[in-house]
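Chain IDs A, B, C and D follow the sequence of writing; residue 1 opens each chain.
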Amino acid sequence: QPAHGLVRGAAIRGPAIQSFLAVRKRSEELAEGLSAEDCMVQSMPDASPIKWHLAHTSWFFETFVLAQAGADFRTFDPAYRMLFNSYYNGVGEMHPRSLRGVLSRPGLDEVRRYRAHIDQAIVALLERPCPPEWLALIELGINHEEQHQELILTDLKHHLWCNPLHPVYRAARPVAAHPAMDMQFCEYEGGKTRIGHAGDSFGFDNEQPAHTVWLQPFALGKRLVNNRDYLAFIEDGGYRQPEYWLSEGWERRRSENWQAPLYWQAPESAGQGWRIFTLSGDQPLRLDEPVCHLSYYEADAYARWCGARLPTEAEWEHAAQQAGTAREVFGGFMESGDFHPVPPPVTGAQPSQMFGEVWQWTASAYLPYPGFRTAAGAVGEYNGKFMINQMVLRGASCATPREHFRASYRNFFPPATRWQFAGLRLARDVLG
Amino acid sequence: QPAHGLVRGAAIRGPAIQSFLAVRKRSEELAEGLSAEDCMVQSMPDASPIKWHLAHTSWFFETFVLAQAGADFRTFDPAYRMLFNSYYNGVGEMHPRSLRGVLSRPGLDEVRRYRAHIDQAIVALLERPCPPEWLALIELGINHEEQHQELILTDLKHHLWCNPLHPVYRAARPVAAHPAMDMQFCEYEGGKTRIGHAGDSFGFDNEQPAHTVWLQPFALGKRLVNNRDYLAFIEDGGYRQPEYWLSEGWERRRSENWQAPLYWQAPESAGQGWRIFTLSGDQPLRLDEPVCHLSYYEADAYARWCGARLPTEAEWEHAAQQAGTAREVFGGFMESGDFHPVPPPVTGAQPSQMFGEVWQWTASAYLPYPGFRTAAGAVGEYNGKFMINQMVLRGASCATPREHFRASYRNFFPPATRWQFAGLRLARDVLG
Amino acid sequence: QPAHGLVRGAAIRGPAIQSFLAVRKRSEELAEGLSAEDCMVQSMPDASPIKWHLAHTSWFFETFVLAQAGADFRTFDPAYRMLFNSYYNGVGEMHPRSLRGVLSRPGLDEVRRYRAHIDQAIVALLERPCPPEWLALIELGINHEEQHQELILTDLKHHLWCNPLHPVYRAARPVAAHPAMDMQFCEYEGGKTRIGHAGDSFGFDNEQPAHTVWLQPFALGKRLVNNRDYLAFIEDGGYRQPEYWLSEGWERRRSENWQAPLYWQAPESAGQGWRIFTLSGDQPLRLDEPVCHLSYYEADAYARWCGARLPTEAEWEHAAQQAGTAREVFGGFMESGDFHPVPPPVTGAQPSQMFGEVWQWTASAYLPYPGFRTAAGAVGEYNGKFMINQMVLRGASCATPREHFRASYRNFFPPATRWQFAGLRLARDVLG
Amino acid sequence: QPAHGLVRGAAIRGPAIQSFLAVRKRSEELAEGLSAEDCMVQSMPDASPIKWHLAHTSWFFETFVLAQAGADFRTFDPAYRMLFNSYYNGVGEMHPRSLRGVLSRPGLDEVRRYRAHIDQAIVALLERPCPPEWLALIELGINHEEQHQELILTDLKHHLWCNPLHPVYRAARPVAAHPAMDMQFCEYEGGKTRIGHAGDSFGFDNEQPAHTVWLQPFALGKRLVNNRDYLAFIEDGGYRQPEYWLSEGWERRRSENWQAPLYWQAPESAGQGWRIFTLSGDQPLRLDEPVCHLSYYEADAYARWCGARLPTEAEWEHAAQQAGTAREVFGGFMESGDFHPVPPPVTGAQPSQMFGEVWQWTASAYLPYPGFRTAAGAVGEYNGKFMINQMVLRGASCATPREHFRASYRNFFPPATRWQFAGLRLARDVLG
């Protein structure tokens, strides 16, 4: 690395240290109030123990930054290279995903020491001039850890749900009363537009390159679909009639006996209402909240039932660009402390809660953008190798860190996924 | 139906009768030389017995035309409504797909009588003035039967492969000697273009509506990838290195122990060559033939290995529009009697074998076009409900009827599918 | 083989030829009235196509007799050695059991020619003096074919049931009116007794050697449990209460949603009665018939529900020895042409229908007798390697050939098996 | 309960309190040195977390003693009735077995408080005169907890094995040098003998009633099969040749790719030796140790390979009765602290290590003895409902508490089970 290629200015490296330490601290704050036992549960193969998330995010910095960066790094434990490798074949062997819950050793305390060890090493590295590649990888590691922060919350929610005691993670916060709102739509002319990430700020490889697309005229729901809307679908027999469903979705619904979104609990007797499990335990179902914990199949069936459809990701991103920073566009994020979607606060000119509360399933498959390139080496496995049989979600959720997302951000999950904070916004064709 | 809405002219109805009878006859010709036993094998849940195809295509005319068209139609056997329903929930119950091979009754002779019964009824219907809707549904039924003709051949091939005797369906035909050709590319400027089906000619709902898309500049291989190309991938360890593969593809490769395309047989000893099972039995592998019986995962891994990618369906369709009717564009179809891909005959200005020989996997997920609408009623289940977790294939194959396809035609299969005649054509980005 | 070891006497070889030809002819008679298509259905992995049974029983004579017996035997088709090998690792490779239904080639006609070829060769062999080992193996082959005759009927019944048309195999025969009979028991003192096969007559290896056992005093039901008895269990909630069931049985009941014996069809409305599918199609349920098509789990649960138990195989055999040849002891067999159990004709001193109508589940696991030895070579795989996780059934059924069984005969199936003609007889402890 | 039926004597109740407290303390000692995280791992559905064992054994006393015994018992937490119910349908719902590892709540500390709560209540109950039924149920609870102590060790061993770090539970203890010993046999005349539990001492229902059986003459190995013996089987290709195996065993071997007993690690290179995972971590394989962690299939295949067989449980029990209390008859138990089998110390007149070191697979299916009765109520589900598809093991192991077993004791597991401390002793027929 030629010396003139080093990032010498403390003006860059200083904020990087701050960002790094802030995200590292926040991960540990998420685990506050949880026992070592709580932090090692894996309730299904798709989910991971919190302790594993805490270690794996550190492994990421070790493997992709520290292990590359020079001879003076002392590894904390060589066995971790395999134990906390998630899916990078280029790094070598990995502990089987479905067995992450058996790792009582290292214990939570040991993992915390591992985190401190990595923290010190990264800070030490950033305190001296370093190549820009290292900074870029540290920024990737920060964004990576933010993604795992959301997974810590979704995995924990599933874990607590599997415990018949339905424990409370954080006490529920009061929600202001809110009037019901009809569904309205914003219209867009379509035509030539540009989506994707460009510029110097951070973006994942899968958001790049920015490129031109052509849109037909369309309309987008001004608010998210809420529980009241969705309950009408349930009560109209939506879960009993195949005509609204994709064929695979109907099969899944039947084989897993879906009758409502995940975490919904049907009334036990005539006089009672629906309840919903949250990170604050079981709660009455609030009708004006954005509906959440839907699979793509359910979101798609709901949209078909009401004569609409899901937006494509290009439509969604175009609308988000238009919406700019209008107040109503931003809902709540991880930092709100709700850990659960809340009703939209106001009606404005732009669609409300475009970001925050719930991820929004789009009608777009998760595929490479034209000109997509992966990074060289194992870190190139980050996103690209999952571009099949998944659908894109846009926006962000009540479990997403505030600084994590942007209009070009592409989240993605298989269509049967239900344990994420995922809901929907309707779209419609507009005849030109 | 108002009388003025009837199609009175024999000029339309006469050709419809001819088309109808021709396609019906061809299905039965495909079964020639096969025993009643041959016609009832179901070698895997994805495949169906030939007898079932013969009956189900008749069921389609009965259910969607004759049963709607009036009181004077006498059903052949009311049980067939359920027995030969493939997947139309709107029609009612259906015999389980995986148990199609247990239907020794009705026997093949009985199914032939059923076909004759339907043939007579459709011809009788067409001999009188009829509403245009009926004609449209008959045209749909003809296209439907053409699709099943290809499936008859692919399902039969899989069935004969499962029999250790590897029986011959049709004798092999000689193939002219052919020089090896380097891979060359055609370049396209991209920009605003229009894809999808429009106009009065027949097209499936999933090809519609025609609409504008925006393409980046790209290049497309002038010939299909052939066995020589693909063998280099195998010999370079392509099936042993995860770096070329999508994550799901690699898992599938491992769990099913793929070492080569379906139907390939590795050399048994050092001096011998690869062999390949065909509808003419086991044959030596011809290196200049388009490679075939690949999953999407394999096609995608091959493209990545050689630094290219698969084309999107819009790129492919745009190139096909440009190619027009140049001689080299058309390879062989079902009528050639080869039932196996053959090397490209000439090099011309346009990409060769755009249509015919093998379906070409594209990088596009099978999703609705903007403005997509399904037909009302059960027939609307034809295509739309499968728009998830499948990838689009374009072109046509050596098992596709000559008049079946067009540039806008969208074939689709899940990415792990291997028993179809599916290969690939490379694409590349062109820096603007 | 020393000349003095040859069986020279036509007095032995002549009857052997007769027995051989009779059993061979009977197998083909069972296929009469069935089409080639009917004969190639495999409705589940546990069942086999009739054509396969016809070929495999010939393969048995070829492999274990003709292929050993000398150079002048010409094989019909060398591929059959693998195609029709059921499970003999010592013979070499075998076609996968679950894919027996894909073998449209060889066709039924070809298999009939194969049978004729084997018939001629065996008769030719028996027309000359031959070593006693050959005679013994031919006798084994005859008994083997008789076993497959019963399987032809049980597999065919399952196959026809899977066809929603519920075709008729043989027309139903009238059954004489019959008064309901209370359940009575015969008592036995127990003590030292001897079970198992001894002497010169044919017996399978698993019935040998005869040996001493000690029995506690016990009682055995004088008749089989019938449909009236079993219906009371159903109506008392027997399929809804786990307390009567073995733990594994209850899991199976739940996962496969058993509500009644296999082939029973619940009343569709209040006024109607139960129906039952038979080889004569759907029929009203006759209450006085022995109950049939039970798994071990159901037989055991029924016995527990009524405060009794299943007999051990030693108890059963001891009682059968006592019963001798009393008229009531013998029910109907394959030759009756009923292919379905019929009510017991009379009450006598001995338990009725000890042999015939339905196999009787015993409380004994299928394990080797003390001193059990298998034959040398591949034929030793006949019985011994299946001695785990199966339960013994005694008696014989309406699908068993008349000359096939004896008091020491041990039939065996896994406890979840339902497609065999299997019912039960109660037993009770008697306090000494 | 009439007053004269009460057990008034402190001479009985005092020792009961001592036994109770001793067994309760020992369970907790087994968890010493383990973290709360270690105690909540469930490495497979067949195994349970140690915390669950600690809670469930308390649940047993609560459910079957305290909850019956009167109104003054205050439940610790009503949710535990469901959470820690293992399989008693008569008690009500139960938490799914495969999800025992998700129960981070209650935490280990809470479970320890639960144990103390139950301990106090049982002691309080025993400090007053009580009906003999209560004493009997407490004795059952003590024996139940002893069974779970062994499971704590076998489940922990499997859990530590699944962690690639292969942690050490207890440091290895030195083993005295030991000469290799040939295999010798003891002969038994057979004839009429009596097995099963009788008398006033404790025995499980499945060991009762004592009853007469008749044995053929037989011989029993004077020592257990050891690693040297078993290695010869491996080296002779025992895991590559189906002829030694039961058919189901061979399928299992193939599908799970067994190449050696569980926990054996093949030499990594030519110069190295086999290693074995133990509760003291990875260790060199000691050849004179009894072979352990075999499935029934492997034990049976080994016996067949060396021309012998497994003993029946009646043969084994008869030999154990003869052996009496000779010194060599007793190997090591849980209290030895080895937690791993050790070589036999001496050769005596009687078979060595009949009890201790490893459970011995017998050739007997786990079925009811003649006259077997279950207790009334839910506690009757303890043993009886598992009497299908399992094989009996006799003796005891290095993980069995010293006072837990007896000659009539019947342990049982499905034949594919490998994670128990199970080995074998050979038997042979003796010609009379």
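Some observations on this one:
The working rule: a contact is a pair of C-beta atoms (placed from the backbone, for glycine too) under 8 Å apart; a residue touches a chain by one contact, two chains touch by 3 or more.
In this text the structure is predicted, and so the values were computed from the model without any measurement.
Shared contact partners of subunit C and subunit D: not a single chain qualifies.
Path length between subunit A and subunit C in the touching-chain graph (shortest route): 2. Looking at which positions face the partner, subunit A and subunit D present mostly the same ones, since more than half of the interface numbers are shared. When every chain is reduced to the mean of its CA atoms, the largest separation from subunit D belongs to B.
With centres defined as mean CA coordinates, subunit D is found 59 Å away from subunit B. For the pair subunit B and subunit C, the distance between mean C-alpha positions equals 47 Å.
Here the spacing of subunit A and subunit B, counted between their Cα centres, is 38 Å. Shown for subunit C are the residues that touch two or more other chains, of which there are none.
The touching residues of subunit C, when paired with subunit D in their complex, are 87, 89-90, 192, 211-216, 218, 242-243, 245-250, 296-297, 309, 312, 363-365, 367-368, 370-371, 385-389, 391, 415, 429.
Touching subunit C in their complex are the following residues of subunit B: 35-38, 40-43, 79, 82-83, 95, 99, 101-105, 107-108, 159, 162-165, 167.
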